[in-house]
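In structure tokens below, several structures.
Both complexes below contain chain A, partnered by chain B and then by chain C.
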Partner chain A sequence: MQNWVKRAVPAAVLLGGLLLSSTALAETELKLMLFGGPVDVAIWEKLSAEFEASHPGITVTVEVNDWDSYWEKLRVLIAGGTAPDVFAMDASNYPDWQARGALLQLQPMIDAEPELLADVYPVSLEAYQTPDGYYGLPRDFQTIALFYNKDMFDAAGVAYPTDQWSWDDLRAAARQLTRDSNGDGSIDQWGLFAELIDMEAFWSSVLWSHGADIVDAANGKTLIGSPEAMTAWNFIAGMVLDDKSIPTAEQLRQFGADGFQAGVTAMGLSGHWSVPDYAPAGFRWDVAPMPKGPAGRVTSVNSAGFTIASTTKHPAEAWELLKFAIGPEAQQQLAGIGFAIPIQKSIAEGPAYLEQQSAPIDHKLFVEALDYARVKPVFRGYEEWASAVGDALQMAWSGALPIADAIQQAVDDGDAVLANAR
Partner chain B sequence: MSQRSEQMRGNAIAIVLLLAGGIIMVAPFVWMLSTSLKVPADQYSRTLIPPILTLDNYREIWSLIPLQTMLWNSLKIAAIATAGQLLTCSMAAFVFAVARFRGRDILFFLLLLTLMVPSQITTIPQFILFKWLGLYGTQVPMYLPSFLGGAFGTFLLRQYFKTIPIELAEAARIDGASLITIYWNIYLPLAKPALAAFGVFAFMFSWNDLFTALIYLPSDPETTTLPVGLALFQQQYGGKWTLMMAAVLISVAPIIVAFLIAQKQFIQGISMSGLK
Partner chain C sequence: MTGSLRPLRGERVGVLLLLAPTLIGLAIGVFGSVLATFVLSFFDWDLLSPISFAGVSNYANLPQDRMFSSALVNTTLFSLLYVPLTLGIGFAVACLMNRHIRGISLLRALFFLPVVSSPAAVGLLWSWIFAQDQGLLNSAITALGGDPVSWLGPKVILYSVVSVNVWGAIGEAMIVFLAGLQAIPRELYEAAKVDGAKPWQRLVHVTLPSMVPSLFFQGVLSTIHAFQAFDYIYMLTRLSNGNSTFPTLVFSLYRTGFRFFRMGDAAAQAVVLTGIIAVFTLVYFRIQKKLGAEA
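Entry: the complex of A and B
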């Protein structure tokens, strides 16, 4: 008996050791998928090489696709049972993916590292919180600011936007800057470029700063038809339909999607993602904070993040990769390319972000905007709801429906979606 | 004399009309070429001649994505897929057009029915099938289905084969030719115009196929195709038109070449078969 134990114990230790070393030697392959462009390919290749160097035994394949392709691909891969281990997420789409059971619950891992999120802006975390914890974490965020074309303001003799501007100041300036410069009877320079269908860049802020709210998903209510909201909608409709100082998407088609970049609008509402695109523009430009409304100044904040597939075979390694991707090293380098704002306070308020080379503007303005920012609504059924509301708005901007009727339709259709999604 | 001058006037009108049509068709391509030679700051300028002429866009694409590899991948896949379609669709079409067997028309009807099934419905089952075969992540799913015939090509070629007098096949049969000989030596040469036209279709379809490449191939430059690389330019936010146009120009060039080759075949096919 004694003899047997004596022999068995070292044998077991040896066997165990062999097993351990063989698992340590086996390469773990992780797939990281995200949306972006050629710049992102380059930077993520570099970051994944750094991750591999500091995590021996793990290899990472990076796949970057453009925004539309990314979501198509993700849908098929997850439905087909070949989900990437770690993949990029947009806050707006997050609840739907979470509801489908595609995402790994991260709360136990986060609980084990209480310091992990200490330096992260709480507002960017908000969108990823669910009643039973986090299923994803933000990697960057975007606030909206007012971009203006100095050349056009100078030519028209209009004073530059200031941090004291109200929406009425913006409207007045936009009216002055809308013109038919070659006299052929059609407008060829507009006051403001603003996205009229999606809420993020423009109409959510106008509604909020008029004291209105957008949606109460928990109770299945679309709130964009309240009296305060109607004041805001009438303001927007006044600019689009009466002043004609905001071009519609159809009018802008010939100039590409972005009228400010094309140099045909004097102002534009957009996030920091536009800065690298605007940098090589053939005109002088700068940024100002979002204008104020009757209920104060409000901008919207939205954040992209990372999630782990619920079906991953390597949850521990995938978690390491996710932590690395949102960690200080990676954030530092991502800040440098100038598309988004890092979620780590120390980096967004440090030289990596503030002194980036993308364009000589006040980058701090986008971070300070958090003081008056509200989170872009995030709820189950968002995609369907947004397209129902967008369809109704489309009718208003094309003039097919009066604004009041269009909003009524948006509320009815939006509520129908919410009732289904609950 | 007057008849001749009338003919000349007719020609002149035809030439003017065709020229106008030609200009309308070519203008977007010329604009594309012009934009691809502009600097980014001029990308929305409305002049045809670029204010500053540059080849930087082409250089930049080459440095941004490994275009040669993607071009080669696309070309290889499109060539194999086209060959597969031409071979198997023409075989199936021949059988449906010439051979007589019980249930032929029902089979053909069933084949046509598959045209009515939207591809979205079969995407996931097909994906799972290829995954099960261990072919996910390889280029095989890009061209293997092309070797399994296809309703569109089979239908198109069958209709063409139907116009070839059946007596030709019967005469060959009496002389002792097998079905395969009749297919290969009589029907295929006579169907060159149709094959050329369908070949261009098949090539274009495969060449432009973003979705299949997107879902089956890892989106890394070594394995993926040109449309996936091009889509990368249309970034999440905004577009860089000068770069896009340069890239698109590179991507349409092989199609134009394929079409020119096929066009020669059209004329040859028509003159050889004596069909009008």
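Entry: the complex of A and C
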């Protein structure tokens, strides 16, 4: 019955369109769909107006949804045969969509323009490569760094983080900075804000820098239970459960999701996406590189990109729009809003990104992090795998399971998901 | 009694015509989706690739499903506490509110307020009350010299979540029970009084038997609410990966379908959920019929 409605509505629209087309010239209409907030609406409407001006005959409709509704809506639109022509993609989710045939193969178009990706950071392209070429291209990338609240460090008389810091230095400082400042018997300032369920901001880097690996999706193996990984997990569990210097999800809920932004943690691990949120904060803060582990310094790099629907009626025009969205002009303006790092070297190493008025910090640090960054794992079934692993980890952080048991469960559940997804 | 209410032949067309807008809406919006969900539960579909027949494998795999079994346990425990508490407290409140004193309307409105408040906003308030370190409840406990309780921690979360949901549902139960109480003829009480019945005996022998229909109606409603509970639980227990520290069936269903590309499995879960509610409803009706026959 819903199919009937789905067919009837486009038919009515088509009929209406035919009636109107006697007066209007045939225009190509493209739909661009993204995840983001009000800032993104403003900037993408401006950019699409510029695109329309330089590409007569094409009109672009921009639709921005918040992260959660975006993925639901995209699924339903594609299933209903009304996919947007160009839409935003997250590198982690990309294989799930690519493997199901939802995305247009871009390789022939890229081959026709060999200079197109010459100035793009190769590591940001890595996640989008498949055995038969690209089905999407990155538009920005994110590396993780250590944010710290100078006021809290000064008040506690603790030296600021340096580029020589190890994880043990971070742990010691975090312990010193965790305190009950009003003396009511409960902790009200923590050492570190770190996301404990998703891997990107914290635990992937800790595992990698202890010489562990995370997942071998091709062979269906979850690798976070290795001896090296267990050393890393025991380190994290020591901070969360013994030192109590990292607030749990339950503790954070009373301050909003981000403890560093709320001013209740002295340090925070996050990507450049947090910079615009932290900029207006009522305290002085700065950034330092990710601390080193026994196997060196490692951070995580992840990228958001654009893809074209395999069912688009206007592949050529959609390709023009995608090229524009990742091109220097759009990247210059996106660098200005300060959420992400441009994929074009000339922009990321130029004033638009490096000299952001609203946040006078060392933005270069996030780009230099590429030297020691590893790509966040991407594979088919990622979201379900990450949920299975995250659900098991949560059992450890809430105290329901000892860390070793929680990791065993994460490995078992993760492997079960991988076996189904292959 | 039903015979006199049956429409005449000529009126039937008119009745159908008047009912048509509702019936068509139900047919498309509700029965269509219900049927589609039932059919979908026998297929594998990820919304993007072509759909394929799966037989009963979606159902056969449910017991091994990581999320489904724990969600079923959580939902069952939740319902076992939630339904009796809502009925019991709702009934007690209704009895207390069933009198003519000054300001009774205001009191009734206060009890009903949670029902018409936004669960998202009220859920946030509750999360502040339950908060571990700066929460209202723990501040009171520590001020009295006690140890703070982890209200939303693994040990107590069931009771915290049930309390909030019961608090939110008392108003609704109260309204249903009040309507039932006020429909009991005063003569019955007067007759009982004349016969020398004490207040407690009047409650057991007059009030309760007359309230059987209301109690069962509210019992069915509360059971449905219990199995579909989501709003408050989401606000109090959500995690950054879309899961919850107290995942109920609705969480499992939503994540399976809309996050993990497994529409068939999600549909099977939905059918099982509907089945459970249907069984409970049938049992309630049977008991009610039996009680009604005895009375």
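Here is the rule we go by: the second predicted complex is superposed on the first by the 397 of 422 C-alpha atoms of A that agree within 3 Å, B and C clash if a C-alpha of one lies under 4 Å from a C-alpha of the other, contacts with A are read in each partner's own complex, and residues count from 1 in each chain.
One rule holds in what follows: contacts are C-beta pairs under 8 Å (C-beta built on N, C-alpha and C of every residue); 3 or more make two chains touch, one makes a residue touch a chain.
Because the structure is a prediction, the values reported are computed rather than measured.
**Student:** Is A:Gln164 touching the first partner chain B, the second partner chain C, both, or neither of them?
**Tutor:** neither
**Student:** One more residue to check, A:Glu63. First (chain B), second (chain C), both or neither?
**Tutor:** first
**Student:** One more residue to check, A:Gln357. First (chain B), second (chain C), both or neither?
**Tutor:** So A:Gln357 meets neither chain B nor chain C here.
**Student:** Using the touch definition from the top, say if A:Ala257 reaches chain B (first), chain C (second), both or neither.
**Tutor:** Both: A:Ala257 reaches chain B and chain C.
**Student:** So in the superposed three-chain picture, is A:Gln129 touching just chain B, just chain C, both, or none of them (first/second/both/neither)?
**Tutor:** neither
**Student:** Look at A:Glu72 in the shared chain and tell me whether it touches chain B only, chain C only, both, or neither; answer first, second, both or neither.
**Tutor:** both
**Student:** Between chain B (first) and chain C (second), which does A:Ser346 come into contact with in this model arrangement: first, second, both, or neither?
**Tutor:** It touches nothing on chain B or chain C.
**Student:** Can you list the residues of chain A that meet both chain B and chain C?
**Tutor:** 68, 72, 76, 79, 257
**Student:** Which bits of chain C are touching chain A when the two form their complex?
**Tutor:** Chain C reaches chain A through residues 27-28, 32-33, 36, 46-49, 66-67, 127-128, 131-135, 138-139, 142, 148, 150, 152-154, 239-243, 245, 255, 258-261.
**Student:** Help me check something: in the complex, which residues belonging to chain A touch chain B?
**Tutor:** Touch list, chain A to chain B: 33, 35-38, 41, 61-69, 72-73, 76-77, 79-82, 255-258, 261-264, 273-274, 277, 280-282.
**Student:** With touch defined as at the start, can you tell me which chain B residues reach chain A in the complex?
**Tutor:** 40-44, 64-65, 123-124, 127-128, 131, 136, 210-211, 214-215, 218-220, 228, 231-241
**Student:** Applying the document's contact rule, which stretches of chain A touch chain C when the two form their complex?
**Tutor:** Where chain A meets chain C, its residues are 1-2, 5, 68, 71-72, 75-76, 78-79, 96-97, 100-102, 184-188, 195, 197-198, 249-251, 253-254, 257, 383-384, 386-388, 390-391, 394, 398-400, 413, 416.
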